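Here chain A shows up in two complexes: once beside chain B, once beside chain C.
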Partner chain A sequence: MIRDKFDAIVVGAGPSGNAAAYTMAKEGLKVLQLERGEYPGSKNVQGAILYADALEKIIPDFREDAPLERHVIEQRLWTMDDTSYVGMHYRSDDFNEEKPNRYTIIRAQFDRWFSGKVREAGAVLLCETTVTELLRDPQGRVIGVRTDRDGGTAFADVVILGEGVNGLVGQRSGLRPELKPDTVALAVKEMHFLPREVIESRFNLAGNEGVVIEAMGTITDGMTGTGFIYTNQESISIGIGCIVSDFAESGRTPYGLLEAFKRHPSVRPLLEGSECKEYAAHLIPEGGYNAMPELFGDGWIVVGDAGQFVNAVHREGSNLAMTTGRVAGETVVWLKRRREMATKANLAEYQRRLEETFVMKDLRKYRRIPDFLHRNKHIFGVYPKLLSAAAQTWFRVDGVDKRAKEKQIFQSFRSGRTLPGLIGDALKLARSWR
Partner chain B sequence: MMNTTEVGAGAPGAPIVKVEERLFQNRYLVDAGRPHIRIKPHTEPSKALMALTHLCPAGCYSQNDKGQVEAVVDGCVECGTCRVLTAKTGEVEWNYPRGGFGVLFKFG
Partner chain C sequence: MHIVVCMKQVPDSAQIRVHPVTNTIMRQGVPTIINPYDLFALEEALHLRDRLGGEVTVLTMGPPMAEESLRKALTFGADRAVLLTDRAFAGSDTLATSFALAAALNKIGQEFGEPPIVFTGKQTIDGDTAQVGPGIAKRLGLNQLTYVARIADLDPAAGTITVERRAEGGLQVLQTRLPVLITMLEGVNEIRRGSLDDAYRAARAQVVRWSAADAGITELARCGLKGSPTIVKKVFAPQGRAEKVRQVPTADRSADELAVDVIAAIFRTQPPLEDDLLRFAAGQ
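Moving on to the complex of A and B:
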């Protein structure tokens, strides 16, 4: 198909692939990027929050023209039962800074913008092109890819796989195993449109200020999972996700769960009168450090979701994707400058560099958390109910004296989870969090 | 086109939701006659394959009169859940749609 040989082929035009392609093209490398969607972003789904720091390290002045929705000034964490939430909210005017730290974005628009930068930097992008397999030389070294464009092939010194969570190319080439139902979450999401003034008054916002709500509790019906509500300029992204194996056992439908979340008495007023313009679903790799596959080999590197680079506890993924893409790109540029081959031994530099970043440090820190949450599903049901009951007991003024209320709350925790259970949960969580 | 069965949320008191109404908002370029997902012929579906009748977020899977599970994938949002869940039994053959085809997210 393409006669030229490239310095690098990048599979996928999401945050990780774009970060890698941009980093290499900017340094003058000859880069071919392949995307199966009609346009970059057409297959991609995220909440979505953009973490400025990760993008700044790639495109420092991105704020000048990137399609940003709102900068986040308030974070709300809700533990919910069927009629209430107990919230921890953090709002600060300090987030109204010259260079805000987090933004809400709409991925289809953002990915197109990012891809435009990649092309400006000199990379060649081919959309509507699905990579079907990796090409190898007799020694097993990856030397290129085959695509579904008339079975066309393309060759390069190195292939960077930013193919996303489904990652069929890497899986079918034996670079990594299939995802496991108990370490991957299925999230469904809707885009609800409302006039911007309505969003600003409902969420107590001015100008481009934004709010992020992350929710857990009975909304996931005993499954390991969370919900989210993000404010965009003229729309609200709302979604909910749970571990696939939990869904399979529960008998619940994902859209039924989302509908119930939308109808929760604390959520419904936020969406009142909105028009839903899209329904999306996507998998999130939540296995963390222990589910991480091999990250590099002879002639290839994996970046982003395909490499399990998601911090499920902090709901971070796109920043890990961009950072792994950037570091992979920098590693390839570094080898090119030294006129060294992209052998497995040389590409180990990628992992060495990643170890120095928050990516591997955070994933290692939380390596026990996915297992903890999987084995302790009551965290998502029992505690939100207990918390809510406790708050209601405390705040309702009904002639019962405060000491009696304290006793009642303590008793409810003991009967809800038993004293050894409470202590055990606290210890296990502390151990996993370390 | 889509399966027209009304699918409940699967829990008592949960709202009845028609997933078709949601998918109607989406943009697709259907690769007519070339479904990217195929179910292997079977007489009795495994537990995992059966679970897809409620788990598929696009409601693509349903059970026919003979008890077999069928898929109509025009409304597929390409999440990959069915492939992951049936990886062990190998009942679902899942490929990406040809380049350019399938769901086209306007917002994502």
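Moving on to the complex of A and C:
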């Protein structure tokens, strides 16, 4: 048992746990952080795009020494069928700004850097230490944690759970139900190394500029999911993920999908000659607002993926993790200043504060989307094919007159997905988007 | 009893690569670990401390980032860590390293109590010389016990120690007087996990940092590159074998036919082998 008592114990050293620990330690609170990995980031997987805004609100001058790969100047959205893609690309020199908005990062390095800041701020981090359960007093208030080390208990006024998507501690302690297979995606990812110059010429980049590609379509073989390709300085991250229950139903394997994605004629040339040096798999909570567990209680708060704080449509997770971690930390500091206990009633302030941020606003706005995608899987198969066929009809010059081509395209949409189907999809999508 | 364990931070050889052009080891970005052989020494030291009382000090010479490995050793349960770090030590071979470590051990003796036992690992995984331990023993006049598999008996009052030493062709049982330098064999114990208290203490511990001057070293000419007569003239990677896997089709072949196919395939790649075998058969 650690005899010192802490103001807060933080479980996990991912973006959410680090944001919480940093925020509290910086304000002089006595913080103990526990991480099961060998070092922060050793267990963590992300694409990875870092959204500057969320981190700026915690460490304003992070650009000075954070390990950033490339700032994103071009976003490509691809709708793919087996041989083609229809793309929407947005590239702007405006993104070459003094303080760029999005960066690609490598999580193992980034998390280590972030953790360094947390420790500089005064938190004590213990790695290779897994929290096994929450400790409660006879009234049921959470008063500390038990770890897998000998003499493994530690006590605090409040425990912040930033333990990631699996959330085993919270689950085992009855704070939340088990994850449901239709609310989590399983993503696999590889890092492919290539010389800088090759990446820059292949993706039309200069210096530290970067491109990110998000892809949907037949690459997920009818399942709800997406693929991605991100440029780092000397490597390319490529990955694909689908909802777990879809994998179970289809019997497809994640690595099988990734292999097929890599072999796609539009993707293969981008990876040509690269050396794959890393393979990772991880879950992403994609159930959104409706899948959110309870976020706080007597002596505990949940932050990040453990609270399902992911906006799957926009592929945002780490920024929600950092924001929820920061707000949780600020709430605890606020209570401490007022000399108030971390009771359930007092910690409700956490949720009140979150409601004011983009986190709750966005998750609420998209609350119907997971269900919509779940019920309308044809979106991932039918439309990409139709779109690609339409583009091909339109661009191929073959003696057919343009009016006839228009008709052909319209016909193909109608036979592919009937008129009511088309209109229905549009309406449903619009309704869930609102 | 005060026990000192000398250890080294090394690149994790499982993740190391050799530069294809210069043949040098690419250390950049390669994670570092405690030299795995040193962990057997550390566990043995911790075990003795638990039995007999006293303290375990871990000592390393290395760049400032070697502090990470020392902290890890504290997490396992060591009581104190000393980092010997100075630009003057850069480029040390085993002679210069044992010189610097011997000086630091003297200083440790003065500051924290004379250690009757100094441990090192059998060798390092990056240098593989196994010279530093014996070098230290010689310089400090310690009886040296290398490749120790087991400490059979230790009597601090009488100042004697009995160990089992793995030697070619068998096991030697050796007895000698303290103080000693022991290099531990691998596989003889398993490093412990360290309690939550150990981890907490390690995270907050102040690692003692000594420069050459702090360790009382005045003869800088015997340190680092200057004090290292060993010169690496050339580094080269062994030639990779061009042939990898050869497949012999099995469809529609009997076992006998297959055996002949396989032998033929081997002879095709190794003609001298066939000659040898023929000559051998003829000789019979």
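By definition in this document, the second predicted complex is superposed on the first by the 433 of 434 C-alpha atoms of A that agree within 3 Å, B and C clash if a C-alpha of one lies under 4 Å from a C-alpha of the other, contacts with A are read in each partner's own complex, and residues count from 1 in each chain.
Assume a contact is a pair of C-beta atoms (placed from the backbone, for glycine too) under 8 Å apart; a residue touches a chain by one contact, two chains touch by 3 or more.
No experiment lies behind these values; they were computed from the predicted model shown.
With both structures placed on the common chain, the touch criterion links A:43 to chain B but leaves chain C unconnected. Counting the residues of chain A that each partner touches, chain B and chain C differ, and the larger count belongs to B. Of the two partner chains, neither chain B nor chain C is touched by A:305.
Contacts of A:165 after superposition on the shared chain: chain B is touched, whereas chain C is not. Of the two partner chains placed around the shared chain by superposition, chain C is the only one that A:125 touches, whereas chain B remains out of contact. In the superposition on chain A, contact is made by A:149 with both chain B and chain C.
By the touch criterion defined above, A:191 reaches chain B but does not reach chain C.
Taken together, the two complexes place residues 128-129, 147, 149 of chain A in contact with chain B and also with chain C. For chain A in complex with chain C, the touching residues are 1-2, 4, 32, 124-126, 128-129, 147, 149-154.
Chain contact summary for the complex, chain B toward chain A: residues 7-11, 14-15, 17, 19, 22-23, 25-26, 29, 48, 51, 54-55, 57-59, 77-81, 83-85, 87, 94-100, 102-108.
Taken together, the chain A residues at the contact with chain B in this complex read 36-38, 41-46, 48, 106-109, 111, 127-130, 147-149, 165-166, 168, 178-181, 184, 186, 188, 190-191, 221, 235, 244-245, 247-248, 250-257, 259-260, 263, 276-283.
Chain C contributes residues 75, 193-197, 199-200, 203-204 to its touches with chain A in the complex.
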